[in-house]
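Before anything else, here is the set of structures, which you'll find just below.
Both complexes below contain chain A, partnered by chain B and then by chain C.
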Partner chain A sequence: MNPDVQNRGGSRMRLRGLLRKEFLQIIRDPSSIAIALAMPVILLLLFGYGVSLDAKHVPLALVVEQPSAEAASFTAAFNASEYFNPQAYQDMRSAELALMAGRVDGIVRLRGNFVSRLVRGPDAPIQVVVSGMNANNARLIEGYVSGVWRSWLTQQAGLAGRPLAVPVSVEQRVWFNSAVRSKDFLVPGLIAVIMTLIGAMLTALVMAREWERGTMEALMVTPVSMREILIGKLVPYFALGMGGMALSVIMALWLFGVPLHGSLLLLFLCAALFMLAALGMGLLVSVVARSQFVASLVALVTTFLPAFLLSGFIFDVGSMPHVVQAITYLIAARYFVSILQTLFLAGNVWVIIIPNALALCAMAAVFLLVARRRSHKRLQ
Partner chain B sequence: MTAAAQPFPGILLDVSHISKTFLSGGRKLQALSEVSFKLSAGRVTGLIGPDAAGKTTLMRLIAGLLLPDSGSITVLGMDATRDSLAVQSNIGYMPQHFGLYEDLSVQENLDLYADLQGVPREQRAARYRELMSMTGLTPFTRRLAGRLSGGMKQKLGLACTLVRPPRLLLLDEPTVGVDPVSRRELWAIIYRLVRDQGMSVLLSTAYLDEAERCHQVLLLYAGRLLGEGPPADFASALNGRTFSVQAPGMNKRLLQQRLRRAPGVLDAVIQGEAVRIVMHQPLAPEAAALLPGSGLTRISPIAPRFEDSFITRIQALQPEKTPMDFLQPPRTGGTATAGVVIEVENLSRRFGDFYAVRNLSFSVGAGEVFGLLGANGAGKTTTFRMLCGLLPPSGGSLRVAGVDLRLAAAQARARIGYMSQKFSLYEALTVKQNLDFFASAYGLTGKPHGQRVAWALEQFELSSYAGDNASSLPLGFKQRLQLAAALMHDPRILFLDEPTSGVDPLARREFWARISAMSEQGITVLVTTHFMEEVEYCDRLVIMASGELLKLGTPEDIKAAAASREHPQPSMEDAFIALIEAHEQMRMAS
Partner chain C sequence: MNGLWQRALALALKELRTILRDPRSRFVVFGPPIIQLLVFGYAATFDLNNVKYAVYSEDRGEAARQLLAGFSGSPHFRLTENIQRQQQIAPLITDRDVLMVVHLGPQFSRNLAMGRPAAVQIIIDGRNSNTALIALGYAQTIVNQFNRDWSQSHGIAGPPASLQTRAWFNPNLESRWYFVPGLAGLIVLVVTLAVTSLSVAREREQGTFDQLLVTPMTPLEILLGKSLPGMLIGVAEGTFILLVAVFWFHVPFKGSLLVLYSGLLLFLLSVVGIGLMLSSLCTTLQQALLGSFLFMMPAVILSGFATPIANMPQPVQWLTLANPLRYFLVIVHSVFLEGASFSVLINQFWPMAAIGVISLASAGWLFRHRLY
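On to the complex of A and B.
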């Protein structure tokens, strides 16, 4: 018999054996399923509900130094807003104390001459003090207060039949996320971060498990090649990881109500590319980490944390220092975050999708090739 | 590949000038130096050596899993370094911890390895039947591998390795951690493979008694090949130098310790009621010269065995050693307590509805060396933990040093020392820091603290290692340090859980010399072991199986009970196996 033909037949038989083994292990040992399917659900619920960049029901101190009809109308505007939970204070002193004690996050002060300044212009008739402890929150409160102020002014002007006395009026229109719900923007990014962890963790852990239990040494002295071992790991965990991905997308659409403007097919094609890159990272981790404990730590530190911090899913890449910005190009999640955010919020915007997808392709190829080259059928 | 297809009339394996070093923590470790040998077909070759001799490294090099620093290995005509995949396709190799997939059933494990080894489907059914009946696993094919006993796992590992019959089979310590019954069965399988299928087997082991079961023996020590040849040749080199000494009325351990230090004696070990000695010269020793001042001494020549030769050869490599005299270690106070020290009555321990220990009763007298013998899972460690007050019993009573452990475990613990199976010292601390720590942990301060640490360093010959990290010590010294730590508070009772596993035979002899000395001092010693010959050091022992006591008595009692017409003088291993088998039959019957 031609040894080549025999070898190819043998390779198919070996691969089938490895795949069946992996499949049985996945079914019998729930830890892989837990990582692939339960972890995204838990993480999405935790981050999806826990992390919100919207401020709602912010406790706010209102100090009205001289009651008037206008002042009452203005404070009523705050009461009507769902963003604030206003509390009336007699004077600035007690409001400041409340701010320091953390009972309120900001103070809006209507000076004594509120009405006269309002009419005379350009002087600001109200004073806003915001607790800067949480910078993000502070900016939000500031924005919301000025929004309430502006809309109240417009309303007043309309009532009085005179033009608005504000020198510059900003008309805001938010594109792509017209409700400005931070969830719509966070959840897609979150999916990328979670899938990074799951993809890398799955392969790193199952490879480390083979080392730990001594099965790797037994595998290595069979005619099986390293390529076959790696494919035998990639295929099942790719399927499992995509299952986790599908679950995450379903949760995003129906639980968090994130709209999907782009194509679902395109979304999964890009996800497949990203999953390959993540599994490749896991295989690379397994080259150095041969115990499950070390593998999970290394996977966490080298894949999840950078994806969390540097992918642009919460922290805008554009506002990072240049050195850090340069580093973000090495993070596969960065490309996937922008693909996901685009597909969910804007649609099939090819100018964004294509370069990012190409970058994912390149990263998947590099990780898998390096993992293949670094894995030897030797114990040392 | 063409070379592989040809038959090998002579040499299956040619190892030539192999050296291998490992880097460990910045230090170079010479695992093998200039090892050369040839293996001929159709035989069982034993690679014999203590732990860390380089056995596993050599096996992995032959299997092409490691690259040698220098030298060459030719396996079945192929170079193990360049053609490692071809070599791996043609040999069978069972690593020390054969990786069975524990989530997979016996059948699924076999299927996997049949796929990996490319066994044609039409041949499988017959091959599986043969392997399963050979290993006795036929009734268990649907059971998960993780649910098999240690011995059955090992046999399944062997079956997976043999799923496509290899010409050369490498077995790395196949009998470690396997109970004597399964060990005997494994050997029967190996012989059958060689006899019926003409397979050649290279097998490594640290059990010296297994050397005598091999056709050919390679003696490996500290990375060097000390000798090769049939085991009988090793033994016959010592013809006329081995004797059995009996001194009625003298404690056998005391006799052994005196003989160890007698002039002209190279080695002395307890064997039954007598002590077996190896002399430097092939001359019958005079009773008066061996044991001056003692009365009746009977000296009779006996046949040398492999172990005698092993000890002789490795002792020749050791630098001149001062004779070990541990008979009078300084005492920090207190006299030996007389009478019963440990009393166990109907002791049971249940985990859920599984009895790890059931209705165990025995008592141990002061100064006794008392052994617990049993296969893995027999309940030895559970019993130990209860005796040390680490695990509350589910039923029965337990008194240690006169204290009921249920009421005052802490009080009893102050009087006991415990040395666990695993190395439980701080590896990052130096020898002295470890001793200081354990002395403080036992409440020693000021002058007594310093004295005790100094005593330990001197008594256990650790002074020259005092500043070394515990992790860098050789295994024998680690074990010494651990014993020293367990003795810091001068306990009256010492618990030793498999204290000598993995330690080379010389260090084991030295260890037992210390135990003997402590027993002379009135310290009670409880020990578990899986080395049958070490049981001979015990005054009395219990044999346990599945949590129950099978037999209690002196080694002589236990052996005598197993004597039959075919086996008038059974060894301790024969006796042990007979007891276990009888127990199994009883269980099957009920």
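On to the complex of A and C.
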């Protein structure tokens, strides 16, 4: 028999043996199964419900210094809005104290002379104070207040029998998410962030553990090659990770009601590429660190925060300075977030999917190749 | 009493050496956090710059030109394309070439000149609905400004009542003022937790924890010895981050250092306590790693850093009461932007102290009672 063919047959046998051993190890110590299957479900459940940028029932102080019919219709507009939870305050001082203590997020004040200014003519002042502590929230509240103000003006003009004269009005069309539900873009982003961690956590310790426990030396005296060891480690965890991914997608679709406009098959193909990149990164950490302690430290410090802040999951990548944008290209989650948001909300947009999928391919290849090159069958 | 401190200090020194001796772990504890601070400081902002947009104007009038000048003059927007046909809009937005398209119909200037209501249509990519809303807010501001100028120059009376809006604590609503001090909480949490949560589990896995238990050291001494390195590293990195926030990112610091550092110490106490509790529950490093991630992710995502706690459903809000980062973020923000004092923040201080004491006590108890 040709020795080459024989070797290949032996390789298949060795690989099968390794895979069997890894699968058994996973089944006997259920912590990997917990990481891959239970963790995404728990975290997605918690975050999917918890994370929202749609402010509702914002506590707002209303100060009306001189009651009148106009003031009453104005405050009624706030009471009717689902965005606000208005509370009446007697004077500006107590409202300011409440704002200072964080009991309300904003103040709307109608001065004593509001009605007379309103009768006299344009631009009767309505004083609005918002707490700028959280700037994004403050901007949202400003927007909501001006929405209430505009609908009140329209209503008043209607009562007076002449339409409101606004020279130019904005007609907005929000595509792909016309209800502007923040959950629809946050849940796909969360899947990417959670799966980054799970991928890294699954493989970050596997090689380091073999070195530390001395079992790597035992493997070295067998004819298995490094490539076979790495594949043996990768395949079972890949299967587990994809299981977790499937659970996450099911939850996004049926629990959180995120629409899926693209193809499910394409979603899973991209997810597989992403999973390879995430596992590859964990494997690389494991190979380079060699000790479980260092590998754990690296995994904790370098995976979560970058995936959270630099992936475009919440913060817009296009608005970051160019240097920081360049760094985001190193984060696998960035490509996956872009693919997921597009596939879920817009559809199979090839111009976006193909470059991002290629980038994931390249990252997976680089991580796995470097991990392969850095792991030698040799003692230190 | 002297013996207690001596033994605790000896253990603390040994712990510090384990972390700092290995060049790789030394780098991991200090390198990435410092790099991350600078990168995240620029990345974490909701202010949009250079948002790409296209103009589809079917109107060549003066008014249209004037309104569009408002868009091209804004630092938030960057014009990348002028399109001629309706059909060009869809591919531009779908392929993410632009975030929004500003469309003026053929009658825009004529309607405006004749005093009829005119509309500007804004078509925007809602895949990230938060970005879309912020960009729409900027667009609305530009249109409002145009309306004011137009009404003034054409003698049209403005609306009967108008809003005069002011923002306290952060007049220009720069979101960096909010996020950069918050990063101190995030980064210190991650590093301190990593350092402490692995410490006991590592000794358990290697079997050296049993040896520690048969020495004359009491659980209290072990607790002190294991907590001090995390506290020290946390204070050092926290200080560095706060200096960068003030001197590099120019976030105004209105409050007192005493209040801030009291908050930082209590925060570290609670994080170290949780880390040690997790660590003494675990028998292997893999379990400790899993436990740290399981605590760290919810602690960061549900802290109010990126999305406000007030938006969360009530049961999730109750969960956040056990999250020390939630309290520390309020302290950092209030001390930085508002100059808050102890009395205003007392309700943020005591929960962290309670979390710290409870978790440290359980860690000390678990040292001897955890069976494995």
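Here is the rule we go by: the second predicted complex is superposed on the first by the 356 of 380 C-alpha atoms of A that agree within 3 Å, B and C clash if a C-alpha of one lies under 4 Å from a C-alpha of the other, contacts with A are read in each partner's own complex, and residues count from 1 in each chain.
By definition in this document, a residue touches a chain if its C-beta (ideal position, glycine included) is under 8 Å from a C-beta of that chain, and two chains touch if they have at least 3 such contacts.
These figures come from a predicted structure and were not determined experimentally.
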Exercise. Is A:S131 in contact with chain B, with chain C, with both, or with neither (first, second, both, neither)?
Worked result: second
Exercise. Thinking of the overlay built on chain A, is A:L309 touched by chain B (first), by chain C (second), by both, or by neither?
Worked result: second
Exercise. Which of the two partners, first being chain B and second being chain C, lies in contact with A:A218: first, second, both, or neither?
Worked result: first
For this session: Report for A:V298: first if it touches chain B alone, second if chain C alone, otherwise both or neither.
Result: second
For this session: Please indicate which partner A:I327 is in contact with in the superposed arrangement: first for chain B, second for chain C, both, or neither.
Result: second
Exercise. Just chain B (first), just chain C (second), both, or neither: which does A:R227 touch?
Worked result: neither
For this session: Could you say whether A:R374 touches chain B, chain C, both of them, or neither, answering first, second, both or neither?
Result: neither
Seminar exercise, completed: Across chain A, the partner (chain B or chain C) reaching more residues is C
Exercise. Which chain B residues qualify as touching chain A in the complex?
Worked result: 1, 22, 60, 63-67, 84-85, 88-89, 91, 93-104, 108, 111-118, 144, 157, 160
Problem set entry | chain A contact footprint on chain C (complex, rising order) | 22, 24-25, 28-29, 32-33, 36, 39-40, 42-52, 67, 93-96, 99, 112, 115, 117-134, 136-137, 139-140, 143, 146-147, 150-151, 156-171, 173-175, 177-178, 186-187, 190-191, 193-195, 198, 202, 205, 285-290, 292-294, 296-298, 300-302, 306-308, 310-313, 316, 319, 330, 333-334, 337-338, 344
Exercise. Which positions of chain A touch chain C when the two form their complex?
Worked result: 31, 34-35, 39, 42-43, 46-47, 49-58, 99-102, 114, 117-118, 121-140, 142-143, 145-146, 149, 153, 156, 163-178, 180-182, 184-186, 194, 197, 201, 204-205, 209, 289, 291-294, 296-302, 304-306, 308-310, 312, 314-316, 318-321, 323-324, 327-328, 341-342, 345-347, 349, 351-352
For this session: Flag every residue of chain A that touches chain B in the complex, lowest number first.
Result: 3, 10, 13-14, 16-18, 20-21, 24-25, 28-29, 210, 213-225, 377-380
